[in-house]
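Lettered A, B, C and D in written order, each chain numbered from 1.
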């Protein structure tokens, strides 16, 4: 149960850090800004939900950069054709799930390493996003669509709610369903899972498809926030999403890590960048700092990983 | 030499490369010309140097996402030393490679002693290096580099620039290092089972750190030659795109992401495959928007083909 | 005890990784964050100390990396801002592609309650919502360099910049002239998805319309010399007989020229866009035929002028036209002295 | 006894050619019409050298591979299992030698992996943990079902695996060397558990190499050799030699050769070494030409002690003198060059690189000696490897065969070959004969004796008291992370005497 304690302390210290930042940085702890932070982190956060599961089964999904551009491009174009919003959104999501499934197939059936599969699939999706509108961005979507990104419900931005929902789904799947248990088992010891007669390929397909689903939601949300689909809007999100998972303690060695923590990681990255912007720190210097934090955080969590049953 | 040829034949990427070239010769106008061949070779030389380092890192079961940013840093550094400070050529070259070695030392040290997985370490140092080279250069591009420096990589021998010969030399050295040396054996030993290797008396620290030092040094050298090639030093040279291109090349060449297995010749073919694809796309003037999709599609088919082939075998 | 086992199992990360997470990361994060904020905080306080400042004017750009134009623009805005007694603040999204990063940064600027914003949108559509937020927050905005999507005039004071399409078209016309209305040309585009780049190339094509000059090859150079060089090399292989080449920006000229000299192609008519000192040097050296000039100094100072006038008197907005074209002109060997004066 | 629970009749398995087709005409068969039966509540022990066909027979029973000929009758009904899963559903559970659980999941989630109790698709955790706890306590173990498996001791992990198997209402339990990694008292608990299972009428097939166990558990012993059943005897008062006869077809008289004579000059001296901050310091010496044994329970710090000496584990306090020089803080790399060798108890993950060839493994620890200038000459390397392969009589197609494809005995021989090639002066052996057959064991005993006779020192950890007593000149007893006794006199070295120290920790 040391883990649970660890998690609580993690969150507490996270809060403490934010408080510290609040004291040091004017305008940081204003409600408006904090909502901003969450909204800006929501894309990374949603991506991290899916990414967590992928990393837990010892995979990685580099295709989300492409998907964050491709899926909303599909939805957006349909929407501008006058297709009903819901249908266009669904189409975008299907595109994401489809690409995810393809990743899964390559990994499960042809056992191509996820790293390379998803890298290339991402590149292809990126390319498709460019082709669809000749590399131009599209915008001027129906108000109700833009509302998803910028409107708020009961005073809480819709984006934040969406993030919560996706996080909820992720937590439910990983922690409250048999599938979740099997996902972690898969990350822990694949042979055992196979012996149990569990459909391993099915699991992998599901996980990658779900990651594609998350990417599509993230992309659509982003485009709703910007009232735009830019064909290369996904680029900045890939590394930040992985970093979010890592900062949230998702182990690249598989079988370890929680969705909620990964979302926490996303919020951390979001607030760091926000703080640095508020301080007017040069973006190049931001890179330096973010890089340092990533390494230090993992170093820190690594330290705690060497506990082991003591010889009697 | 016989060894090299055997390796080549064992390697699936050789087959694929030949197929691609045949396709090019048959279907792509202007592909089959000595000129164009020379162009492809020129374009492949520099990535070929970088992929050597990546191959070694992948062999010990690591990965180096900072490689492309080392290229950028090296480019900036070269420009500064050669143009702004006007250092002599030999000093510039030495210093640039040294900077690379330094970066590798940091990567290796963090991975070895702080136990941060290579993926994260190099992800982080990548961010950092990019930041640094931007700050140093203040985003400036340095062009019109001194001829004495340019001579290092561009002096023409039998129709090919010296950079190509440098690459060939380094590849040959690399081949012996990886396939015929104790160090190379240690690389795959650690890649397969680092504990057993360590308990057999191989020095984890030395191999680990040295590997990253070599990788970054080669990346720096690549950055130097790339700078010389375009005669412009700029921080955003290389970058993430370059990194992933190199990783793709290595994997297409049959190097395993799970460590232990690696082939210099294979990686070399990997680079050639990618460059041939890019070359064909340009020659056929495929719509610039299709570029990414087509390139990705072909690489995907290459990987699948290779998988199926190895399944059959 | 843990430390012992730290050493027991230093060999293999994997083996050790299958363990719970602890508070350490958050602690480290807290430290790093506080460290970061405190010592950058110093920077800030000093900025504020430049007393007598009437407020802060922020400039948001995509990047100043390898982009003399953006740098010149930034310098101009800075100079003008400070000369008018305001504090200057530069935020750059850093990456060529970080569309949303820029939007986030502008949001942060609003949260920070800056006095006014000069914005160079990376995407004409993407900035629309955030412009709305700025208006709601009562922060006046002037758009520079690349325009906002049509139909949102009410969101900003004015747009000051080069008409990229026009610049491209002029380039096209010049090309036709230079080639005597016949021949093949290559086009090295910007990065895929870059509005300004696309407009220039579209304009260039427009300029060629109805002439005997046709485009033989067209590939993206990603605003980077190394990429530009490679695509040029390859296109030259496919087209042995090109007489002209259009580059979407000066920033790719070095790579292009290297490719040409490697293929030892002489006498190819090269026209570019920007009018940077680099291009002018090349012009003087006779390496290129010409470049369509932009005037960042003019754009920068005009922008700040208009912005400040509105900051100090809201009603001024009405008297300002929605589009201020800073114009363009061809720098060629015929007007080198002119160019040397104007170039950035 | 009543009618048998299980009957395997005339089971035959052919050897297969490269293309996977069975070679029927060959007179060599993996299993040659072997019959085997098991009664309710019986423990039927299966012994035989590696490659005798034990595991193949059990794999067939466990549904992992199909037989080519023969029938399996379960409670009178003929059955044929398509998969391990089917076999288990029909009540045949296989407890493999290496653990088949997920170290990152907690106990309950491991036990019910694949058939987690749910309510409306949602994981019913209360039920999950309740069932797990009930199951474990029914076996007489109070293991917290919420604890992450990786944090349990090997023994407890094994219990969990048995519990998991039983949760399938198994009628038959196949145990492949379950005691390999267990310590004495853990073994006793396991045996008592087995008796409870017997009482429930569960039949157990028990594979083991340890004779002293066969008397405690086991009603009948069946011996396999070269794929044929040699015979079945009652385990009540069987004669070890008789069984060994049946297994190897020859009697191994003088299992433990003692040609070596200890000298007086000290090769290794450990002084006031602390393994953990809490534990009392320990001291020991090893002389040239001497075999020193270390006895103790798993987890008593035996392995940690060897690893500390070998520099693979940090030294808290104390000093280690080897060959006259202080070696505190030396890493394995340096020690190997100085002639120290460490043979790990865990050959698959620490001893060998199973993905590499015999050649590469054999030369791994001596590359620095073979190739002074860092360049490998393949000819020279192959020669060196072949020499050792012959010397240790490793059975393999060629030195280019991947180690992973070798039998356990040959893998262990390969590890020895690696260290022989390194020409060591001091060998640290951790469970040198774990999980290998009698033939291989006796050969390894000969080798250890030879090594000592050549004037090298050997420090040997073993859970098998007979071999420890048989081989050692002196025996240290370890308990709670320190040495609690040193036995120098042959007559003091009795199983009873040593056990007394291990369990009670009485000091001389």
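The rule is short, and it goes like this: a residue touches a chain if its C-beta (ideal position, glycine included) is under 8 Å from a C-beta of that chain, and two chains touch if they have at least 3 such contacts.
Keep in mind it's a predicted model, so treat the numbers as computed, not measured.
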Inset, instruction - Any chance you could check whether A-B or A-C wins on number of contacting C-beta pairs? - result: A-C
Inset, instruction - Farthest from subunit A by Cα centre, which chain is it? Let me know. - result: D
Legend entry - Approximate Å spacing (C-alpha centroids) for the pair subunit B, subunit C: 30
Inset, instruction - Compute the distance, rounded to whole Å, between the mean C-alpha positions of subunit B and subunit D. - result: 45
Inset, instruction - Specify, in ascending order, the residues of subunit D that touch 2 or more different other chains. - result: 103-104, 276, 304, 312
Legend entry - Residues within subunit A bordering two or more other chains: 130, 135, 188, 252-253, 255-256, 282, 284-287, 292, 298-299, 302-303, 308, 310
Inset, instruction - Mind pulling the residue numbers of subunit C that touch at least two other chains? - result: 1, 8, 11, 13, 16-20, 94, 192
Legend entry - subunit D to subunit B touching residues, read off their complex: 310, 312, 331-333, 335-337, 342, 344, 349-356, 360, 364-365, 367-368, 371, 374-376, 378, 418, 422
Legend entry - Partner subunit B, residues of subunit A touching it in the complex: 106, 110-113, 115-117, 119-121, 123-124, 126-128, 130-131, 134-135, 239, 242-243, 246, 252-253, 282, 284-288, 290-292, 294-295, 298-299, 302-303
Legend entry - subunit A residues touching subunit C - in the complex, by the definition given at the top: 2-3, 6-7, 9-14, 16-17, 20-21, 24-27, 30, 32-33, 36, 40, 43, 130, 135-140, 146, 149-150, 188, 222, 225-228, 230-233, 235-236, 247, 249, 251-257, 261, 268, 271-287, 289, 292-293, 296-308, 310
Legend entry - Of subunit A, residues touching subunit D in the complex: 1, 175-178, 180-182, 184-185, 187-189, 191-193, 195-198, 255-256, 308-312
Legend entry - Touching residues (chain side subunit B, partner subunit D) in the complex: 176, 180-186, 188-189, 192-193, 195-203, 206, 260
